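You will see chain A twice below: alongside chain B first, and alongside chain C after that.
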Partner chain A sequence: MRMNRLAATMAAVLATALAAGCSGGGSSAEPAPQTTTAAAGPVKLVYWTWAPNMDKIAAAWNAKNPDIQVTVSKQAGGDDAAAKFLTAAKAGNPPDLVQAEYQMLPSFVAADAVADLSAEIASAKAEFSEGIWRMVTLGTEGVYALPQDSGPMMLYYRQDLLKKYGVEVPKTWEQYAQAARTVREKDPKVFLGTFSSKDPGAFAGLAQQAGAQWWSIAGESWKVAVDDPATRKVADYWGGLVKEGVIDDQPYFTPEWNKALNDGTLLSWPSAVWGPGVLSTNAPKGKGKWAIAPLPQWSEGENFSGFWGGSSTAVAEKSPNRAAAVKFATWLNTDPEAVGMLVSEAAIYPAVSDAGSRLGSAPEYFSNQEDFWQQATTIAATARGFTFGPNVNVAYSAWKDAFDKAVRDKSSFSSALATVQESTVADMRKSGFQLAR
Partner chain B sequence: MAATTVPGRTAAPRASRAGAVVPTAILLLGALYCLLPVSWVVVAATKSKAELFSTSTFVPGTGLLSNIADLAAYRDGVFWLWLANTVLYAGGGALLSTAVSTVSGYALAKYAFPGRNLIFTVLIGGVLVPAVVLAIPQYLLFSSFGLADTYWSVLLPQILSPYGVYLARIYAAAAVPDALLEAARIDGAGHWLLMRKVALPLMLPGMVTIFLFQFTAIWNNFLLPFIMLGDDAKFPLTVGLYTLLAAGANQPALYNLIITGTLISLVPLVALFLTMQRHWRTDLAGGALKS
Partner chain C sequence: MSARPAALSAPERLPEPAPRRRRAPARERRATAAPYLFLAPAMLLFTLFLAVPIGYTVYLSVRGTKVSGLGLGKGARREIFTGLDNYTAAIGDGELWAGWLRVLGYGLLVLAVMLTLALLFALLLDSARVRLARFSRVAIFLPYAVPGVAATLLWGFLYLPSLSPIRQVLDVDLLGTGTVMVSMANIAVWGGVGFNMLVLYTALRAVPSSYYEAARIDGASEVQIALRIKVPILLPAIILTTVFSIIATVQVFTEPTALRPLTNTISSTWSPLMKVYRDAFVTGDLYSAAATSIVIAVISLVLSFGFLRVVRDRAYGEG
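Our next item is the complex of A and B:
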């Protein structure tokens, strides 16, 4: 009793002190932001994103919609952004709109952090391909976000150097392995490719191409199959190449990797449609020498690809302005003008189906391949994805640990995969998800 | 006898010379260990985009000015806003923290009151809890006050620094003689005057130390502002530069800008340490004379 009164007094004193402090600081610094009130004046929306120049796109919206004003707050991207959003949602002050990577969306849904928009945006479905739409419905009746960009995968290769080593652009993975051996024979300093044990996203894309389904929802329970036969095939293929030593095993996005891309000792990169941005910055010397082709296939006559990366726009469950937020998100991701700006300002590959018509001329870096975007759009149509589960971050870090070790010890990649499956299942069980057997 | 003294005489200086060489070598190694990464930042900041990953590591490049220009132009100069925010957080936070630490340290050292040892024990316990662990609970707490995502959410948690109070208490106990306080008290000085005119001038070197510690800690703090702040106009440099690093999959990290930004963010810290060093020297001298 006495403790309670003491605590109450303390809280009151603290609150007064804080209020005094705030009003004192308000004159010198910016006034503390008010919580959005839906009463008078325009609806104010806060949008967390890491896509470049999104503030300019929001400014275009704000100019035309005086009653719905969007403030863009640029965040750091990746896994940390997801953790930060989840924490903010838990504390009760999330932004109204948030950029959500497809693989993170299920964890947002599981934490009730994002709203089910199926009532509001069912009509937008027609704008997107089925594969991409599945990423935001998770294979359920709900719709948890609007797709924004996607990362269909393709093979980037050094046109001039493949010619120099007398290697054809590989059409199947078998040919890719042969080509890797040929390149090693002609010049032992050069690798056709590398296997990165730091990029589970890239591996997931290759597994999708092979037809993997890592997660699926059956009724009320989840099914996890990270080590399904398709994925095992992909793992063993790359494990074999690494063990044989015909491809390199250094991870992507390191300074060494940049250097290898730049000086022509690394000849190909199975990557996503956002590759040009990476290549032009990290390998400036390769300008006009790289080209794209569809990913090599598992058997001749097939035509599949997978997704690496891509994100969507979700609305926070706790946002008091859901209708306005949905309106903005729909405009941003489907309106021709907005999508055009996503391409030109934010440099992303939009998720809408008729993206190709808005992409214009080839990126400057690919001046040697004038039909770059036409090719990319054709490839994008062949990409198939899978439903991500609620603990992708756990699965991905287990993947990094297991494959790091497998690469170091040159041990079996499919047993590394079994470890990932085990950790993923164990974590889901621990978090209380129902698992189908 | 003579045979033993002669080698003894030559051995003594040799031993002391060897004794001086080893610590010097270790210190030099330590300096190298600390300065090598900094020198890498300095060199790398001079490299242009094309040079960064293609030229050899410690060969200076030609892009420093264009890097700075790019950084200044990035999102209409948001870097300078982040710098100003950092100065506000670190400067304001360190000043307030020093004030709080000094006053409480002085009180703990020089006044006997019930619960003094309890408070001090709790403080020692507080020193052992890393600030990182507290960031998320603090965020939830500030959210329930409606203070998350404000300048206060970053400033307030850093004001009370257990280590600062601990340091101030130790310093006050050593630097402010009881006899002096007693004499002033006999002359009719009240508590306020006593602290302002007698204790604080003596504690100045200690205060500078606490200020520098806190300033550096806040300047480099990442997790607290990262969690607390959603509005990128309130970010400090650490969080701001991180948005350039983790720029998303379809955008490569802006390494040139990050490295240049890091270099610029080092400048105020180095300048502060150089100007404040004077006070630290008095601190060391004062300590030497005390016993």
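Our next item is the complex of A and C:
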């Protein structure tokens, strides 16, 4: 009997604890009346983002819109932020608005964590280029977010050192390979570039440039083609250079890599428009010595680029204040004043088509290249993206493991690619996705 | 019995608990409530923070998600009961066992070197002729106070070719395929020796000095005292540190995870726990991660208790 009472007490305590734990979830249903009784007070929105100074931009909005007040909650960014949002959405208390990287958006949609905004923001479509808009529609009828920034890729290179080694800025990948060999011959301590097996995003961008379509939707089924001919071409090209030893194989963003960028033993970096931030912090000695050019092309006369990174603003499916959230997201990403602040305060390259006109003078680090932003805008217009699938996280994780191994063993990059394709398809099949042959 | 270090044997010397059992039924009911009352906080904490999470993990491990069609939009993804599928997949996954194999090699290396060094240092510090004992003790213990991630990054920078002073003397790729495990073991040994040494040293300090006097009168040298008296007396403490170290190496996660961005020789599934982390937080499959972590828990239980069983008879003279 005593045991029963003990059990009852414990059950009560447990129940209380569980109820407390769940009340976070309950709240998502509760605030519903808030929207109807808007007169009672302003609508309060929570916005998860990792862009710097976003709180200042929200403050500008709050000052002008007393009835919709936005609170910015600063996040860590990257994969962690995505996992955190998915968990919060599953637990039932997500923020109203969330910064979503393009490649993570499909997994948010698949988890039913973000809302389809097609009814609310169809008019915003005109503000963005076709390629970027595809990233938020996933090639469907829905619109799952508003594009915020984009990462068109270009070639960063050491102007002074290429001249020193007598190498022209490569216009094709063929020339790039030749330049890599020349540089090695002139100075065996120096590499023209490096292949990073830690950055599937960069590789995806290069594959996009070559015309890859890793995922696509055909009717009611997904088509996965991570190892399509275009991507295989890119993989074998880099695999060949690594095997030949004419480019380095150390990953990006390591202390080792920083040092090489800084001391002039690494001469180029195919990267995205957000590169200046990385270079100015990691390679301060290179100030005024780096410049940008369009990515080398696969065949002469072509003019394409891809995207590395970039993110959008999505509205949580469970947000009780969807209309207000959409209003803020639209303002943030299309209003000239807001976009101007995104550039000046958050230091991002905005996704809207006429971004170039809002960018002003070249970054201080690129003082040697006054037309930096004009060049960047021209390159951005040539970037083509692809639809990301619902398990980019699985594909990227498999990519890192497979390419780590291929780089380590100097083995075939296209068979590494085949492994990635297999893992990606196997994961989708296991989850029950409909797959096209 | 006398071989036990004081810290472990002290409670055993308390009055025998046997009479209590005989008295209990005769007592009145109010008194029988007392033990439960005293137990309640512990039971509650145990339930809330151990039993419930474990139960939830077991629950998750028999579930999974099922997607229909494109998997986009409302209701396209359902949580379903999958029975033992996650377990079959976890046990059938070659990567998990390859991970165990790597951890086994790493663990043997760490255990052997770390415990030998810890024992050596403890004996040296305890010997009569040592100088600067206090300073050495703190110096050897200090690395234990450095957080694992900080220690790994610190060593990682020492391993990187162009930053490393080691590399200027020694021309070996310290993060290469063959060497990365040794480099990693080095970090664990560096961080772990001090703690284990302290456990052994404390146990040594509890040994009555009359043993040593007796040995000296019998003509034993310092080395003989160390090997013939101290080491046998230390055996239970050595076993304790070994069990702790086995559990720690089975759970190795910090070192490989923090080194991974610096080299391409460590995969995302290098150790079993890294695989759990990847499944749960990178590829978002909480369910198979739950199943794998239960498999890992069972294996580490078997390993630790198996080791205890093998050595118990010899160390404690029981059974």
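Simple rule for what comes next: the second predicted complex is superposed on the first by the 398 of 437 C-alpha atoms of A that agree within 3 Å, B and C clash if a C-alpha of one lies under 4 Å from a C-alpha of the other, contacts with A are read in each partner's own complex, and residues count from 1 in each chain.
The rule is short, and it goes like this: contacts are C-beta pairs under 8 Å (C-beta built on N, C-alpha and C of every residue); 3 or more make two chains touch, one makes a residue touch a chain.
Predicted model only: the values in this text are computed from it and were never measured.
Undergrad: Will chain C clash with chain B on chain A after the two structures are superposed, or do they fit?
TA: When both complexes are placed onto chain A, chain B and chain C end up clashing with one another.
Undergrad: Applying the touch criterion given at the start, work out whether A:Gln375 contacts chain B, chain C, both or neither, answering first, second, both or neither.
TA: Neither partner.
Undergrad: Using the touch definition from the top, say if A:Asn391 reaches chain B (first), chain C (second), both or neither.
TA: Second partner only, chain C.
Undergrad: For A:Ile348 in the superposed arrangement: first (chain B), second (chain C), both or neither?
TA: In the superposition, A:Ile348 contacts chain B only.
Undergrad: May I ask you to decide whether A:Ala272 touches chain B, chain C, both, or neither, giving the answer as first, second, both or neither?
TA: first
Undergrad: With the two complexes superposed on chain A, say which partner A:Gln297 touches: chain B (first), chain C (second), both, or neither.
TA: In the superposition, A:Gln297 touches no partner, neither chain B nor chain C.
Undergrad: Could you tell me if A:Lys259 is touching chain B, chain C, both of them or neither one (first, second, both, neither)?
TA: It touches chain B and chain C both.
Undergrad: Considering only touches as defined above, state whether A:Asp116 meets chain B (first), chain C (second), both or neither.
TA: Touch status of A:Asp116: second partner only.
Undergrad: Just chain B (first), just chain C (second), both, or neither: which does A:Ser319 touch?
TA: Neither partner.
Undergrad: Would you tell me the residues on chain A in contact with chain B in one complex that are also in contact with chain C in the other?
TA: Residues 80, 253, 255, 259 of chain A touch both chain B and chain C.
Undergrad: Report the residues of chain C in contact with chain A in the complex, numbered from low to high.
TA: 32-33, 36, 40, 43-44, 47-48, 52, 65-77, 157, 160-163, 177, 261-262, 264-269, 278, 281-284
Undergrad: Chain A touches which residues of chain B in the complex?
TA: It is residues 49-50, 53-54, 75, 88, 136, 139-140, 143-152, 226-227, 230-233, 239, 242-243, 245-253 of chain B that touch chain A.
Undergrad: Which positions of chain A touch chain B when the two form their complex?
TA: Listed in rising order, the residues are 15, 18, 21-22, 25, 29-30, 32-33, 35, 46, 48, 50-52, 55, 71, 73-78, 80-81, 84, 87-88, 90-93, 95, 149, 151, 201, 253, 255, 258-259, 262-263, 272, 274, 277-278, 281-282, 284-285, 308-311, 347-349.
Undergrad: Note which residues of chain A are touching chain C in the complex, please.
TA: Within the complex, chain A contacts chain C at residues 2-3, 6, 9-10, 13-14, 17, 79-80, 83, 86, 106-107, 109-112, 116, 138, 140, 142, 197-198, 217, 220-222, 249, 251, 253-256, 259-260, 390-391, 393-394, 397, 400-401, 403-405, 407-408, 427, 431-434.
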